[in-house]
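Read from first to last, the chains carry the letters A, B, C, D, E and F; within each, the first residue is number 1.
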């Protein structure tokens, strides 16, 4: 099985991190390939970043889908906001899994509720929006932000762990959280370190998505094409290269 | 007062329609200028179309904002899905109004509830998402789709009126709708014709947005920059021209 | 255009304030006339006050509607609880706008969410009820009360500003509010003073209603008479004067 | 124990019906006295009727409360819309029970859900509002209206039974209703007749309120005066007689 | 009238308490008999305890129902979690009332909202689940837990009162609670003592259930057997004695 | 990896079916062992059946957990109502997955929404309750019942397929369902046959649970023991054998 894990931003270390984490949890015969679009923001913190990353994410899927014999069985959308995931599901019938939704389903099977700890306060609204999109807002006790930028989560692991510990402890004590979802792909690989200090399970969202994507492929299921996720209507998309045209 | 009404798709007739409708309802001293990005889809029916239209919408705002002395006092996002409206509010402090949200606020002041009549069935999920974003899902009795494409609403007015009448009558009779919102900018100018045949008010969404935008400017209010809609963090956005960089 | 702004209480200074604020934001050719019923409470703080103000509000509309050639194009219900607004919409087809709902729609276009700051703690439940009636409870972060009576908001401006600043700062810091709605007509005209000290837009609810009422008239829309807001059935209303009989 | 059952409208037969039904289900030592205000509408079908009935309802409570040695232990608000019930609870510490809420609590203990069958379609929105006020909207499958006016439910029992049977059967078959609440005090005494033809329990709302009111008195509980239902602030209420002044 | 009040746990003192409290509030001619199954947990604090108590509760109903001439007119399920109440309603057509739901209905008629104070923090999720089952989560401000075990509430009344006072004061001050529901049958009889120290009504849940059960019998209503609460299908239930077989 | 799949009912063919389906989708090195308690109902259609199955389900987990060196890495609760799943999570720290919740998470990644098709109409309320427990009610368009008993789904495959096809088509056409969840373990293995006739993905709930359980083990995650799912307090559980005592 071959899975393409698309990092919606252009920070290469994060793409590497995603690939490593994903391959760590999937079966030996599954190969997860991390990629990053060549256009888009270097990190996603605002709605502006989020939307400008989407054409690149779509392009990564289109490139694989337009090949005669696509190498990939499924796609991972590896940013917690699951940017453009509805559109991803329109342009391929292969499963597409967002790391945000995946981490919440895993959390929901391990505890009575969960909180999300994430980056800058400005991302709270975007993060709450992802929770709502998945339908699980009643299970989410809180979104706890830190002062971390996305890039810092990747580059300054010590500060990241320290800030996430504090936010998680607050979520457990004040919001009664029973599981913690790490709300950014840059936090990949930190779950064990945090669990060593916290009394609750901590979900590495990329890891969660990797096993759920493999699960969908095992089940042999493909995206519903009956209505919302039908292929886009054929029409001229000005200013986008041929690859984007249906 | 000068307002830029951005048609997120590239269909010029629709841009003309938007400009005409908006100027019809605003004060004589207000000038609404309709524009359309030079890149993006010719119509928005899928999530794919919606997301691919956003960079163009943002560009239209950025172009005006980057001028020394911007001519515009406010912006209208003239597609019922209000594509990328959160990001629009991040990149300017001037008011940005979506025609989807505007039509629902107007409807909510005229009746106990409303329904939305719109284009292809595939757009139902996207349209319901716009209702949820505004927060008004409890007031929305139903989203009623037709077999109309977006372009047909502009080009085949007779078929459009006929399909909208049928959908509206169903909404009134079966869903107890008391006001009808026209769920596509292409339907601009059809409200009177429909009201002649229906027992309820019909909201032309572009008209609704034009008067609400003027209202925000009159009040002298600007977008909240305290948190969610702060200016995006300065970072490299690969593959996007200089205009997009902060 | 001529708009009747009905202050549901009998405090004349508040009626003056409402008229001044409303005329400040509407077009020069629009004339907003503030009126107050000659019966009803001097302020509205309890449900008791709220309900006892309604016959007077209705009378002000009936008086204008029963004239051969009504001078008014629309009505404003100028108490944040929008007392009796559903009944107002039954007895005229002209637009009726409540200052509570109006302030929330304006707030919703300027920020990701809002809080309401208002008078005595006992009014919290009534105020939350107004938020629910509008349908926007998911966007309302909190209702923050003060120790102010309604009459004090009009008479002791310094204490009012000071109490509202404190409540607003709490809403921003603890409830993540991004816009503040002033939850009482007595606070009319204080938005600028508060904005000078706060990092968020502050909505003067009377101002908000005045521009939205003007907007509805410009659009040429009237209240839906298909069902809920039909004219009341003809029947004997004992103990109410002839004006009230249908 | 002595309970005052206030019929908010001025139709004397309905007041008689309410008194009879209530006394049928309470203990022999409990005396329920039906009264009707001398001002207000002859029936309540619109929001207009609803609001104009409230001063009369409040007066009936104030008259008893202002007596040296009030004869009454509790009050029933005997219209399904529970008009002004929040204000009723402010002006007495004795229990006040609405027949709308009472019928829903009883229904909720007898079935997995319920529907309300009621009068004219225009009352749907008002009736749904009562369901929401009680907090039980998730348990309410539907509000089913008929062509009955309130007065007809009292005067034309045969047509009333026939219309209610049809509406109830629709609710059971199409909305999966498992209990039926009779949504008007005028339908008092029809529950047995309807149960003879229907496979579900039918709740006579006046009967439900009478036993719940008796229950509250037995428990020795009084209305919470800590905040929302505190006595109204002392202030001038113009145009209302002395009785209404605090 | 004869009512069987089933204490789902095996702690005899609690059964006695339940019987005493219930008889204190019902009519003299009503006899409430407290019983406890001979199998099940000595207290209910976890989901594990809750589920293991249910076969015993069902047995107590089946024993009475299987008698030729059942002595009982109705049943009370006397644990705040209302364990297995849906199944109870399937195996008898006589009314079955849970003390959890009963206390919330009573609270809802006395205040604008309520909070529940209860035992160990681990029971929060279970308690919130009972609130949701009743449908009243929008009226419940909070569930406030203490360090009390169920058995302590019965055996150490002083510590119980002290802990409940503190939790109630927190609920009133921080959560704006206007009524307090005592969330455990072991707290029966403490309402007066707590009311002496608190500014709000306090609901003894067993007392609430006793008067509501009597009310249902007075109304002559029985459980809806149309669908959800139909008698269980006849089938082999292995390992359960004959009494359990249908 | 070794997983114990507990069929909460005593029908051996269903246990076999569950084991076969689960092993079909998990990795070759994973062994799923289907078991059935020796006490409990032969099928689960009512709340009565549901609750009486729980002690047997718990016993199957306790038996494995009490062994020195438990052979199992995780448990599947293989009835769509996920009976007693909260209690299961209290008595082991190993992952426990319900087939109801699992099928909904899988569905949610494949379509914009889903419907559940299931057995007898009486199970609708129970099934809707499972949807609510998972938190996903906003994504569930409908629960569509058939005339099938649980045992028939296992024994009469032809009638089962025919009834499920009809219910699914209704859900797609009338409720806009985009994915179908099979709401009973007895329907295991029918997904392909149904997909051949339907335009949407069909989820075999046992299959869904098997891959998600394997996923949780791969991630190395265990149930949160911080609060709700802590081990039950040590206390006497009368009438239950030693195995059940903590």
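Heads up, the rule we're going with is that a residue touches a chain if its C-beta (ideal position, glycine included) is under 8 Å from a C-beta of that chain, and two chains touch if they have at least 3 such contacts.
The UniProt protein names, listed by chain, are A, B, C, D, E, F = Aspartate/glutamate racemase family protein.
Please read all numbers here as calculations on a predicted model, not as lab measurements.
Set against the C-alpha centre of subunit D, every other chain centre is closer than that of A. Ranking every chain by how far its Cα centroid lies from the centroid of subunit F, the top place goes to C.
For the touching copies subunit A and subunit F, the fraction of interface residue numbers used by both exceeds half; the interface is of the same-residue type.
The two copies, subunit E and subunit F, are related by a rotation of 180°, based on C-alpha atoms and rounded to the nearest 5. Chain centres here are Cα averages; for subunit B and subunit E they lie 53 Å apart. Note: centroid distance subunit A to subunit B, computed from Cα atoms, is 29 Å.
Chain geometry summary: the mean Cα position of subunit B and that of subunit F are 44 Å apart. Taken residue by residue, subunit C touches two or more other chains at 86, 112, 124-125, 176, 227-228, whereas all remaining positions touch fewer. Taken in their complex, subunit A has these residues touching subunit F: 25-27, 86, 95-97, 101-102, 105-106, 108-112, 134-139, 172, 176, 178-179, 199-201, 203-204, 207-208, 211-212, 214-216, 218-219, 221-229.
On the subunit D side of its complex with subunit C, the touching residues are 10, 37-43, 45-52, 54-56, 58, 84, 86-87, 90-91, 120-122, 124-126, 132, 149, 227-228, 230, 232-233, 235-240, 244.
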